[in-house]
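Okay, structure first, notes after.
Just so it is clear, A, B, C, D, E, F, G, H, I and J label the chains in written order, and each chain counts residues from 1 on its own.
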């Protein structure tokens, strides 16, 4: 069974068990965004955390096995155009060149790492309506022509 | 002249004048991400701010005119695959389904607005290497079946 | 079972039971467009309405379960080029820039929300042949640079 | 000069002349959606209306000529992903199958014409924020196997 | 079972029963092109004709049911590049602009309906080799800005 | 100058000269569909016919030269989605598999040639509205494993 | 069962039986390229040849049935980018315009038929390494405006 | 100037000078397919041959310069769907898997080189109509895990 | 069973058996990159090596059979956008034109073979963090117009 | 002027000046792959190196200016399918999953950086024909959930 298919089944078990992502994240001592993305198939879950998840959700070995496997992190065609996800893509479309310009101005030629990176999502109250506050925190990596030999 | 082409010319003028985005943003009293994206063609610049930019950068009327025009905010094909921008797309690919799950858990069925939204990008020092911290702050919009008549 | 697959099965049950969408919508007290799109997989159906649907159509628990789940609202590849649906896409192709121009003229820079939005479809008699009258009624959202912190 | 390029130039002239689409539509006695889409290149403008536009905006013969020409009504790549236009596409993505189901239920097998069709866009006040009300009104066309010979 | 899958199964039953499309069309009193496209999934077959087909081919209820259902008429990816079908697409590629020009010259701004339309395919003898003669006969629909309200 | 660009210029000259395609076709003794497609760039025009066109429309040598050149008959991206042309593509989408089935039934395994082929478009009066009658008449080509050597 | 799926199964049976394509082609008295493409799903196999194949490979009736059926000859997505096949596509990319130019110079406006066509593939010894010699032999078809009526 | 644009201009000069590709190939002592593809931009022309072409066609230095430059041999979008070229692509679509099977049977795992390769196109007379005979002759390259170090 | 599906199953067996790719490669006396790509479906495994793999991993005959079969080496859609693989594609995007320029400067017009080629991947220690060192070693193939006949 | 367009012009100047990439790289004290990719538009050239290039090639200020500008490193559509570049893409297609498996086995979950990375291309002599030896040397980056705050 693929990690994504396993993730959907675990999510359904979680929902029926009435256990929130927040709660699940607390049990394994990881942030909620990491927890949800790992369970849904984007990260390998270490054995210890997988054991906690197995107990909390009474998972079959096959599902636990899928959790611990190394993922291929490709785009999920069933999700790419979903309005909740699409808004993030639209933000990159509208603000991407500006973010690039400011990264280069502040740090020089390079990128924000999507590998050495953490993401936090929280609710912020606001008189005009509560807000989703998403913080992406990635290491700056300068273009660097390094060679192992010298 | 299109807003994007105008934006590239203004950016070049800015670079040669040695004026940073940070500085330019300060002069018009707007955040840097808004300023860079507006100048590069993603927002209409109000007349007052456009006048300040005209003076600061000695812009031709044609460029000022392009700044104030209403944009079509489509994807810039010259930017979509650039590594600095691509990393943001990869993050949505890898974490999009998790963000969607957590938004629905915390707020219910709906989206984070990409219209009522602000973005902040700053440098954070870190012993393992300085970090890009990007904060996206958008109003939650619940799916709501409202009609003007009822 | 996915929501879309469930929707097709419920639609088939509905058709064989001889219950119209109009009728089904009346039973749950929702507009027909909302009802059909929710059953076909585009909205989560609240528990109370799902219970009414279960009774009306003698649905299996698995189908009821799919109805209440949170959807991913992606394009249905099995529907995108269907002539009845394509005509709406063609209208956006032909009239989209004009609608954008008029929205900006009347409301300023922003969008019509596709989230805070209702849709009505009705028949209108006409000597030249009866007409489909589709009313889309969405909240105007101005581009607004709001931050939770300030 | 192509109709679309001409449309952009006329739009710019219109904007500088401070004449609204609403006003322009009134002068030629046509609805605003028709007027904006025709000027922007989606319809041939009849000679009489083109003459009124020429006078109102002091248009060059080349622009008038482009206005009256028969259009090819293809998608405008510069507009397809713009957020204001994209929301309409998203609505078709989310509600298309429901609209198809209701058209078939009410009218039988067929389509809403995108050719014999009118569109109206107006502002409706609402305590929760003013709304864009878009009415699409198209003739129902049943699938009909007609032959000129029989 | 989908209409297309049902169509393939019925086609196979038809082939083994040694009943030609021509013959099948005669039994239900419909033209061959309509009959073949309806059986292969492009049209809903009315109950009376479906009953005749059921008898002629000893069809299972599930297949009859699929025949009578409302289709979604999307492109068949298994057929689009087939040489026999591709030649028709090539003709539109080569002659489409000319057909458009002649329709506009003869009828004015509008389209040939693909809904109110019949198609006939017959063999014509010719000394240089027999010919396929395809006649497409569709109602002209002028662009017409009609509204139900007045 | 490319044949397509030349075709657009000649079409504009033709329109201003008030000469119909029908008329132009009569002058060079060719059918209207051939004439329009050849002038618009889909066929090489023989020298004699090109000379008649040059005289009728007072064409520059460069345009005459383009007319006589061998074309590359690729799809015109500016035309592919135009509603008047799209309807033909939709017909192939809806009826292509049926046409293929009937060609194979009547002629055996092979295709209708798009090279040895003529096309006629005419108006047919009809009480329900006049009709476009398009006749495509192509030689049947059976799959035939012929070799020059044997 | 589809012809392509059947072809893969027959190929596997053939491989295990240790019967080469060359040998199989000899048994049915057809060239190897025709034989391999027909068995793999690109041609209908006549009843007599299908019977020989059935005997030689002890095929199930379902496989024989698939062999004799009329194919849809679409691109095989599982094969299009395979390096052995891709090299042929690259040759068309690099030499296609030259082949077109030479066909037009030698034969006039027209095509080499892909329907009335045979293909031969053989090994040729060469001191620099043996060579694949592929001969494509197709009838020239001139563009010819023939009508059944005249 | 790009090699492809230069190639089109040289081809036009060649056509007006009444010099055939055959003739041109003879003058530089190269096969016609090589000559046409090189002039049209797919190969760098050595200085000696370029000088002969310059004289034969009275070429400007800029065109000669383009001839001798190293090409990027990408697909020509203006040519890919042309019927004369498309037929070759269709042949690969229909026969590609068979050619792959026969190459592997005769030579083992590997490819026919598209780099060490020659192509010949000639006319062959035939009672059923003259034929285009295309011979592609490429070195077989076996998959071979060679390393410079071992 | 396809080679890719078989490869995934063998990989899972390997992982559970605690046998590294390095180890597996040693047992069959092949380099690790060759071994992993062959097992995952990109190469036919010779009978002797397949027998060793069968023993080491207790493989079913069906899996062994898949290992030895000739592959079609197409892109794996489940892998193309994975970040670990994507970085290699990005390198070609960023450095491809430079590599092409240097190959042509050093070797003349031609390519580096992807068929006569070996690949090595090793870890290199580095004070700034250990490095992946990938060596691609392919034979240079000059464009060479060779014919079997001359 | 864009960096890519500038790169093509500088390359042409370089070629006519008879200065090799190797030589140019030596003058600015950078590796050849870096030098060629930077000049062709993939890296910003520091002022000191740009001055050396200006002198060596007598470049106009506009070209020097383009050299020093920050690039957008998107795919070059004019290069992506070129055979010399395509072979690298094919290698990733064929060996990508194996490289991913070996990186994960040796280093754990992560990627080889395409930013902290150097590339070397050299000729290696070999009795079977000289070889291109390409060494890609990138820092391993483990997936690491680091936050600036904790």
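Criterion: contacts are C-beta pairs under 8 Å (C-beta built on N, C-alpha and C of every residue); 3 or more make two chains touch, one makes a residue touch a chain.
Every value quoted in this text rests on a predicted model; they were computed, and no experiment measured them.
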Fill in: Common touching chains of chain G and chain C
E, F
Worksheet item: What chain lies farthest away from chain B once each centre is taken as the mean of the Cα atoms?
Response: G
Discussion item. F-H versus A-B: which interface comes out with more C-beta contact pairs?
Written reply: A-B
Worksheet item: Pick from E-G, F-G or A-B: which interface has over half of its contact pairs in common with I-J?
Response: A-B
Item to complete: Please compute the C-alpha centroid of chain A, do the same for chain E, then give the distance between them in whole Å.
Response: 48
Worksheet, complete the sentence: Between chain C and chain D, the Cα-mean centres are separated in Å by 23
Response to the item:
Within chain F, the set of residues that touch 2 or more other chains is 72-75, 79-83, 90, 93-94, 100, 104, 110-111, 113-117, 124, 126, 128, 131, 133, 137, 139, 141, 146, 148-149
Fill in: Chain contact topology (line, ring, star, complete or other)
other
Discussion item. Following the definition at the start, I'd like every touching pair of chains, please.
Written reply: A-B, A-C, A-D, A-I, A-J, B-C, B-D, B-I, B-J, C-D, C-E, C-F, D-E, D-F, E-F, E-G, E-H, F-G, F-H, G-H, G-I, G-J, H-I, H-J, I-J
Item to complete: Over in the complex, which chain H residues touch chain E? Could you list them?
Response: 81, 83, 86, 90, 93-94
Discussion item. Help me check something: in the complex, which residues belonging to chain J touch chain I?
Written reply: 11, 20-22, 32-33, 36-37, 40, 42, 73-76, 79-80, 82-85, 87-107, 110-114, 116-117, 119, 121, 123-124, 126, 128-141
Worksheet, complete the sentence: Per the touch rule, the chain G residues reaching chain F in their complex are 30-31, 34, 43-44, 70, 72, 100, 104, 109-111, 113, 115-118, 120, 137, 139, 141-149
Fill in: Complex contacts: residues of chain J adjacent to chain B
69, 72-75, 114-115, 146, 148-149
Worksheet item: Can you name the residues of chain H that touch chain F in the complex?
Response: 15, 77-83, 124-126, 128, 131, 133
